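One structure below.
A, B, C, D, E and F are the chain letters, set down in written order, and residue numbers restart from 1 in every chain.
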Amino acid sequence: MIFSVLVLGAPYSSGASYSAYRFAQAALDADHNESHNKNHSANHNECHTIHRIFFYQDGIHSSSQLATPPQDEFNLYQAWQDLQSTYDLDLVTCIAAAVRRGVIDSGEAKRHNKLQHNMSTNFSLSGLGQLVEANALSDRVITFGR
Amino acid sequence: MIFSVLVLGAPYSSGASYSAYRFAQAALDADHNESHNKNHSANHNECHTIHRIFFYQDGIHSSSQLATPPQDEFNLYQAWQDLQSTYDLDLVTCIAAAVRRGVIDSGEAKRHNKLQHNMSTNFSLSGLGQLVEANALSDRVITFGR
Amino acid sequence: MPNDNKQKPILIVNQSAPYGNANAKESLDLALASSAFEQALSILFTGDGIYQLLPKQSPDDIQSKNLLQMLKALPIYGVEQLYVDQQSLTERGITELDTQLPIVLVNSVEISRLYHDAQTVFRF
Amino acid sequence: MPNDNKQKPILIVNQSAPYGNANAKESLDLALASSAFEQALSILFTGDGIYQLLPKQSPDDIQSKNLLQMLKALPIYGVEQLYVDQQSLTERGITELDTQLPIVLVNSVEISRLYHDAQTVFRF
Amino acid sequence: MILHTLNKSPSNEALSEQLSQVIQADDQVILLEDGVYHSLLENNDTSHWLGIAAHVHALNDDLKARGLTSNNSAIKTIDYADFVRLSSECDKVIAWY
Amino acid sequence: MILHTLNKSPSNEALSEQLSQVIQADDQVILLEDGVYHSLLENNDTSHWLGIAAHVHALNDDLKARGLTSNNSAIKTIDYADFVRLSSECDKVIAWY
């Protein structure tokens, strides 16, 4: 089954980003387990893929490269980056929502004459068309709201 | 009368930052008008100062230097920076709230080994003690919540 | 109501008042993107979302864009009907919505059908 | 209840459940900062805020810090009493709060007094 | 005398209840942001803040933006200068959000 | 058959009402984040989603974190793998937040 995931809340201000992370992890684990365990229960006998995870509204803050939680707290920002690297996930941050809220990559920084940028390279900036396309190409869109 | 202002919501996600900006502007204007207009109504016969504006919780996003609203929309981030310059306001962003949400100045960037930073130099990062002190030294704390 | 499953019909639900936060604006952005990609799209206004349809909105003095004007442009983008929860209007004592909007009042049963006919629901 | 006007007594109101968002944690941070500066401080739990006081919280598996443990440390910082809205407990059917917390149940009149005795109210 | 500010619509009933519990007859209220939708209500319920508060004000810019004119004669429209003035006249300001 | 997810506590009554309006008897519900506080309710009201839905589940990690054990026998505790499985078994997933 092909999933896409929509994240609408920021880390800390909402549980959306953490719950979405756990859901994505579980979907990808189920897939992974499947290839190694033929005796898996009938309920798990499906291969899952995640077509895309789209970050919209305050969800865009998950893609910050500069956030640094205290060392004794879980680093959700880093966790998303690691999950992306491990599974080569397509993590897309809505460009309109992000630029107005202050999350930009090096390209947007140039375009807006900013000397700095703050988006993780594990995410890519793109338009809402990527969410519409994800909906068209996935069996389910799972939304994690504020 | 000495005011301090507390801002708890981010631009876009909440009206808190904009309303706080308008309140601050009006308080400072009232002060300004006062020195030029002796016939001002009795209700306005007080000089107001703003001791400090403290940005906490999601309010810290107001201090982003990288946010770029569309050109046909009001740029609240720039407006705060201009208000600070004009009146030499003490705009303090809570360091704990900001660092975990991804808003850092050049000093914090060094401390956390980040190559980039994104906080406006019109704001300063400091601890919650600055809010407690503002409360002790002001006649009123006006809160703008999410 | 669009009901072609291959097209994965989308329902966008607006339950937030305009201007107080970004929900109304960012919902509209998604509606425009959906219609640009020619997706089957229904839009429902319910709860505080019906405040988006009040006439005479004039947000110049809070330095915001007029969201009502942008809603009026939806038919140009192929969104022919805006579904409005009758009960939400009644509860709020709202009797007058903007007359230039292509509004269809819906009851509880019709709202439930909108949800069930959609493949994906986005709520703002 | 602290009532020394020169000290600008602070009331912190907790009306949010823990873990779902940062309110409980960031409220606690402000309480600790206030007591570090020896400010007169009262803390009220009302609405969903009373969920912060439920026993047996175990947030390891959602990778959060245990906020109840942190609340238990408040007396060390000079916060001797936590005011709890009796009505909020009743409405939610909560009969058991953590026994190690220095809780004082308050009614509507006492809550109103807490607000009126404070110079500044911070709500989370 | 307390000045209360309220920035959420009547749909947030829990918030209105909390305010109603605390408010006293000589207190004042300023409606701002989505709080201005309270001006659509007619409320003579003396257990509700709208039926208790001596003076209720609404920020004109926020009313106009939302297409509202206060047809509730008990609610006075004000600007931010009035907001500042009322803040200094009252003993303290409590924000409800 | 729809899978509904709910992440807010019963205090958000407007949200519960919206869900109650849409839900049907064979639908399923997953409680997550602050939604798990619904497990404290006993509800036999057949106009409320809790009295309508065939199957109501609650994420175990979110229950444990908040000091809750589901003493409501009608609510089954699940993990994220179950969440994924239920998402694929149902025709679609609607999030209430």
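In the analysis below, a contact is a pair of C-beta atoms (placed from the backbone, for glycine too) under 8 Å apart; a residue touches a chain by one contact, two chains touch by 3 or more.
Small disclaimer: the values here were computed from a predicted structure and weren't measured.
Q: Between chain A and chain F, which partner chains are common?
A: A chain counts here if it touches both chain A and chain F, which gives C, D.
Q: From chain C, what is the lowest number of touch steps before chain D is reached?
A: The fewest touching-chain steps linking chain C to chain D number 2.
Q: Between copies chain A and chain B, are the contact residues mostly the same numbers or mostly different, with half as the line?
A: Same residues, largely: of all residue numbers at this interface, over half are found in both copies.
Q: So which chain is farthest from chain D, going by the mean of the CA atoms in each chain?
A: Greatest centre separation from chain D goes to chain C.
Q: Could you pull out the chain whose C-alpha mean position is farthest off from that of chain F?
A: Max centre-to-centre separation from chain F belongs to B.
Q: For chain B versus chain C, what separation do you get between their C-alpha means, in angstrom?
A: Taking the average C-alpha coordinate of chain B and of chain C, the gap between them is 34 Å.
Q: Quick one: report the Å distance separating chain A from chain B, using the average Cα coordinate of each chain.
A: Centre separation, chain A to chain B: 31 Å.
Q: Could you put a whole-Å number on the gap between the CA centroids of chain A and chain E?
A: The mean C-alpha positions of chain A and chain E differ by 40 Å.
Q: Touching at least two other chains at once: which residues of chain D meet that condition?
A: Within chain D, the residues that touch at least two other chains are 19-20, 22, 47, 62, 64, 119-120, 123.
Q: Going by the touch rule set out above, which residues of chain F reach two or more other chains?
A: 7, 11, 14, 33-34, 61, 92, 95-97
Q: Send over the residues of chain A in touch with two or more other chains.
A: 12-13, 15, 57, 73, 96, 141, 143, 145
Q: Where do chains touch, given as pairs?
A: Pairs satisfying the touch definition: A-B, A-C, A-D, A-F, B-C, B-D, B-E, C-E, C-F, D-E, D-F, E-F.
Q: In the complex of these two chains, what residues of chain D are touching chain A?
A: 19-22, 62-65
Q: Once bound in the complex, which stretches of chain B touch chain C?
A: The contact residues of chain B facing chain C are 12-15, 18, 72-74.
Q: Looking at the complex, which residues from chain C come into contact with chain E?
A: Against chain E, the touching part of chain C is residues 17-20, 47-48, 51, 54-59, 61-62, 64, 68, 92-94.
Q: Which stretch or stretches of chain F touch chain E in the complex?
A: Residues 11, 13-14 of chain F touch chain E in their complex.
Q: Spell out the part of chain F that touches chain D in their complex, as residue ranges.
A: Per the touch definition, chain F meets chain D at residues 7, 9-11, 33-34, 37, 40-41, 60-62, 64-68.
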